[in-house]
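The letters A, B, C, D and E name the chains in turn, as written, and every chain counts its residues from 1.
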């Protein structure tokens, strides 16, 4: 579904990514890990066109999307839950959700009602402005907003940050359920254990390069995986 | 006295509606796109010139009205694509400078093309004359028509902003441009669209203002400040705010001009009274704005914003 | 705080400004000294505005008001000295030792009052409330019939008197203004590099965060607002002396607009920028028609704004930090 | 150290703080947990003066905190960090910290001292940055940092204010495992000198550090106890932890 | 060759005033093929943009670099107090084709300062005379709240013998006059005098007519409020409005006929009163140059007395300078009529013969 090959990118004159490879089959859930500042966010920004790649290519369902504009990539079916939530502060919760709603996967899985069922807290807050939500509520909103576009590929950048354990578990469960329905997903998160339960394979970034990648079984087989790659 | 009072109140409301008509486009572009467009007044002027020129050739008010809107739209489209679009991600102040420069350019260009002499434009026969309103006040029909146009524009504006996803996307784009884009919205195209629509509102106001005011170069600039006052007093980013702000300004201004001299005249000698009240009435709108903002720092009908 | 590192450039400019009268005299164009004086005076006002716009993020659209306060102080004192009358029991004076300090004090007071009320608001609301104050002052001056209303008043007795220095001499007056300019510029350079300057930068970047680290943004803003007001008042006092004429036009919103334009044009948040902006703006305004005529474009010479507008637009579009950015492209 | 009595705050019909009473003892780390939207950040905003309570009283160090203006609270020793990163993006990391230091020293409006000339201040800033592990980014523009690094700046700024009571709103959110660990160690080392009210969703951090844990649900404190007892409290499990947390991840 | 500096206002809505003054002036020169009074002249024209500082800068440049001997062209009364003193101090001649504020007519009059058009107040004094002679017993007066507006009303009142039932100062740049019109209707005066220059006057006249007031309360205006451009912009609504002027296109004399024909041929439009002032100014200079044989500053006394003699055929007919170097001239009553779809002012009579301004007695010249 998503193929990233040799992507390089950076900000201004400083280069951050030095050739990232990543492949995500349809219905797979990939995990991306790495310490702070290693380039995870930059990678997903490159994929979604916000920080255009200076080399390499990104393909979505076979189509080369490297040079497309961010909105074209969005329309092509990649939805991002950005780091730091970025809810629309002056829109109500409902407006946040319907504002960019779409049916890009063609399956039309997610409707407003369904999303609100999933996050009952948002239903309670439906007419409140985005910026008056609590941190965790904003996070839910950002996830829900991405789901409302019915994306082909869903990317979550630290989407469980600031969520209560119970909700966090709910999110992982949802991701598992989505996977079961065939949703392709890329997750960045620091909760190794929870991620390991649902992910098909993982990629570890160190200083803008892929330091390790493989499936979960392989990961468990690496002795001291966390210590080696995540610096614990 | 009471009939005069009613008439003056009506005048105030009518002025308010006229100001709203001129402010409508400004609200859209400024309140929702967050773009400070000083050249709004120039678009207003283009509308009036197009109307007067086309009206002069065709002799038909309606035809001129219908034809002048596309003229303004074209001008706005060019301005957006060539200049404004590149300034979305820049500081507000860059927009100020660029649109200020645009004013110079458009005004001077208009002078070169059409001279410095004001153009003629008359009220169409069907809207000329006066009507007698319930209560016995006789009122120019054209002014009644302006009120109607103001209401229609308010409705259109409200529909665009509150009822369409486009409105939401624009509001979202002003605060989190990257995020809306990533969610698949072509924000550039949307901005062009809104800018053009806003300009058409300005053009419409200009076209309708022609029979009431002098059609001349720079006719929009005086109004521009007044419109910013209306939009800001009402609270930026809401149609209701702009409307109420405009009516407040219209009524305060009119009532000040209408009655303050008489009231002062009871305490002071006439010459002093007319001098002071004239000074006061020139300041009244600004005084109003200061008072409103000191007590309500985000206008009368604030829309919550991110902090 | 980028613009503090080109000492050679600044010294070069200073030397040029110091030598200017001699060069102009030598080339027989000493009438231009007056233009140069005007530039220097206007630059003081522009730099002071930049403290607000560029360094603190406070977009004041009423800055010309303080220009007016300074100018009217000088003008009114001179008026009463000429008429030999008094104002609330006080005589007028031509003495620069009285008039200029008083102009500074009154503009500080005006800025204190306007600032205290305006700084309750933010963003666009701040723009508009300062505009309102400016306009109110404008209409106040317009209604001062005794002082010529909107026609303004002449200073019949010429410029202020100072011991040892004859301000009515064009060259002395130029150096007098230049001295003030250099002093003020130096002061601002110091200010923006001081700890207070850092607080201002913080206000510009993230005002809401300040109280949580123990800073009262309101007082800091008021402080800089008053300082900037005094700068504009100084420019006003000098400008009144320069034209020997004072009128409400000095405080009209279009004048505040001009100030804002030169700051943006030159490059906000740099002190050199507004000075460059002033020079370009005023010189183009004065000489563009001549240049165009010289190029044989008679029609455009009369309609020089038709050319001026696009020049400004090009600068905005292609020089991200104004003229300053063109001259000193960012490293890295 | 801090005593909150019957504090209420409503937003319209919503009660974000509903009769909250809470005591934070001097020298302890007091954790505050609760589901999203429970009112934790609101409570911190009330303490730091960003919001005014509808009713109730707060005593800090024996004096009435509500009478102290927001910007003076840090000077009194009460300092907060932000859940949603709030830094000065166009300043370097070091300058962010220096800004706090100059404020604490009462020099925020000083025209007489050049910012760049104060060596002592910069050394102190560097020391603070070293403690949070960000010294190698001291000269980077804060806006250009990765998310987790900004979170570290946030902590450094709070520490630089030399707090007596530190209000930490999800300090480790967004940080990687190692960075979290470092911050935990840092907070641990400060335990003796600084009292802390810690809001966290990371149970490793909470149970690893806290002396006492209070649980806030829908604006109400439903439990306030030692970590061990909270961990097994049935209400807390249901409302917040979820059953699986019973066995904990921290062990 | 004599250099003449012309500082005038060409930009902004008021730009047409400067444009007409300039064109009238240049027409006179063109008629002589680049000469005035047989002397070759060079005219430097610059736009002051209505800013006093610009006026000053241009004046200094003209006086010093170009060494102009005669300064002219200023339209507005906030530019002349800057340009005139500079010019006079430099020992050159200041000849104003338009703006003539009272200070230079009275106490601060100067031997080298000449006003060709009028003293500002006279415009409105003549309107007062006009209203009185038409037999109106009371009037409602209206002007913007600024100096020229106040002067206008003072001037009107000086010669109006009826009662003033309402005196209103409006905002500068006002667009909507509904409130004022309602007040006028409520006050029920016999006539209205308004001095609302430029666009303001157009706005007022349009709205006044739309409110159906033209039939109820007639307007009596000063010349600037009824010039040909305003008639064109307002149209039909102006028909029947009376005004007073020192010049009109239908004043019968050779000079005027030649001027109008020449102007229309040269520029393809009808001249305004401002154009006539520019033309007269040039003709005045021509007469003086002719006498001194092109000497200006070289023969200060000679040129001055030649100017003062005003030995030229003014397009407005009889013309002489008073002791204060301001005109003594006739004022005519006019009324707006429609002729073949064009709107014109038609002269109906003389209001005041050899009218002089009110300040001459304060002037120490003789």
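The definition used in the following text is that a contact is a pair of C-beta atoms (placed from the backbone, for glycine too) under 8 Å apart; a residue touches a chain by one contact, two chains touch by 3 or more.
Every value quoted in this text rests on a predicted model; they were computed, and no experiment measured them.
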item: Chain connectivity with subunit B absent, coordinates unchanged; value: one piece
item: Count of contact steps on the shortest path from subunit D to subunit E; value: 2
item: Farthest chain (mean CA position) relative to subunit C; value: A
item: Chain whose Cα centroid lies at the greatest distance from that of subunit B; value: D
item: Distance between the centres, which are taken as Cα means, of subunit E and subunit C, whole angstrom; value: 35
item: Whole-Å gap separating subunit B and subunit C, where each centre is the average of the chain's CA atoms; value: 31
item: Gap in Å, rounded to a whole number, between the CA centres of subunit E and subunit A; value: 75
item: Of all residues in subunit B, the ones touching two or more other chains; value: 108, 111, 275, 278-279, 282, 307
item: Multi-partner residues of subunit D (each touching 2 or more other chains); value: none
item: Per-residue multi-chain contacts in subunit E, two or more chains; value: 11, 145, 172
item: Touching pairs among all chains present in the structure; value: A-B, A-D, B-C, B-E, C-D, C-E
item: Touching residues (chain side subunit B, partner subunit C) in the complex; value: 30, 36, 83, 86-87, 90-94, 96-98, 100-109, 111-112, 225, 228-229, 232, 236, 275-276, 278-279, 282-283, 286-287, 289-290, 293-294, 297-299, 307
item: For the subunit C and subunit B complex, residues of the former touching the latter; value: 53, 59, 117-118, 120-122, 124-125, 128-129, 131-133, 135-136, 139-140, 142-143, 145, 208, 253, 257, 260-261, 264-265, 268, 299, 303-306, 308-313, 316-317, 320
item: Residues on subunit B engaged by subunit E in the complex (per definition of touch); value: 4, 7-8, 11-12, 14-15, 18, 108, 111, 115-120, 122-123, 128-130, 138, 140, 142-143, 209, 211-219, 222-223, 254-255, 257-258, 261, 270-271, 274-275, 277-279, 281-282
item: Interface residues, subunit C side, partner subunit D - complex; value: 1, 190-191, 193-199, 201-202, 205-206, 208-217, 219-220, 223
item: Residue numbers on subunit A that touch subunit B, as the complex places them; value: 48-50, 69-75, 78-80, 82, 86-91, 95-96, 98-100, 102, 104, 129, 131-132, 145-146, 149
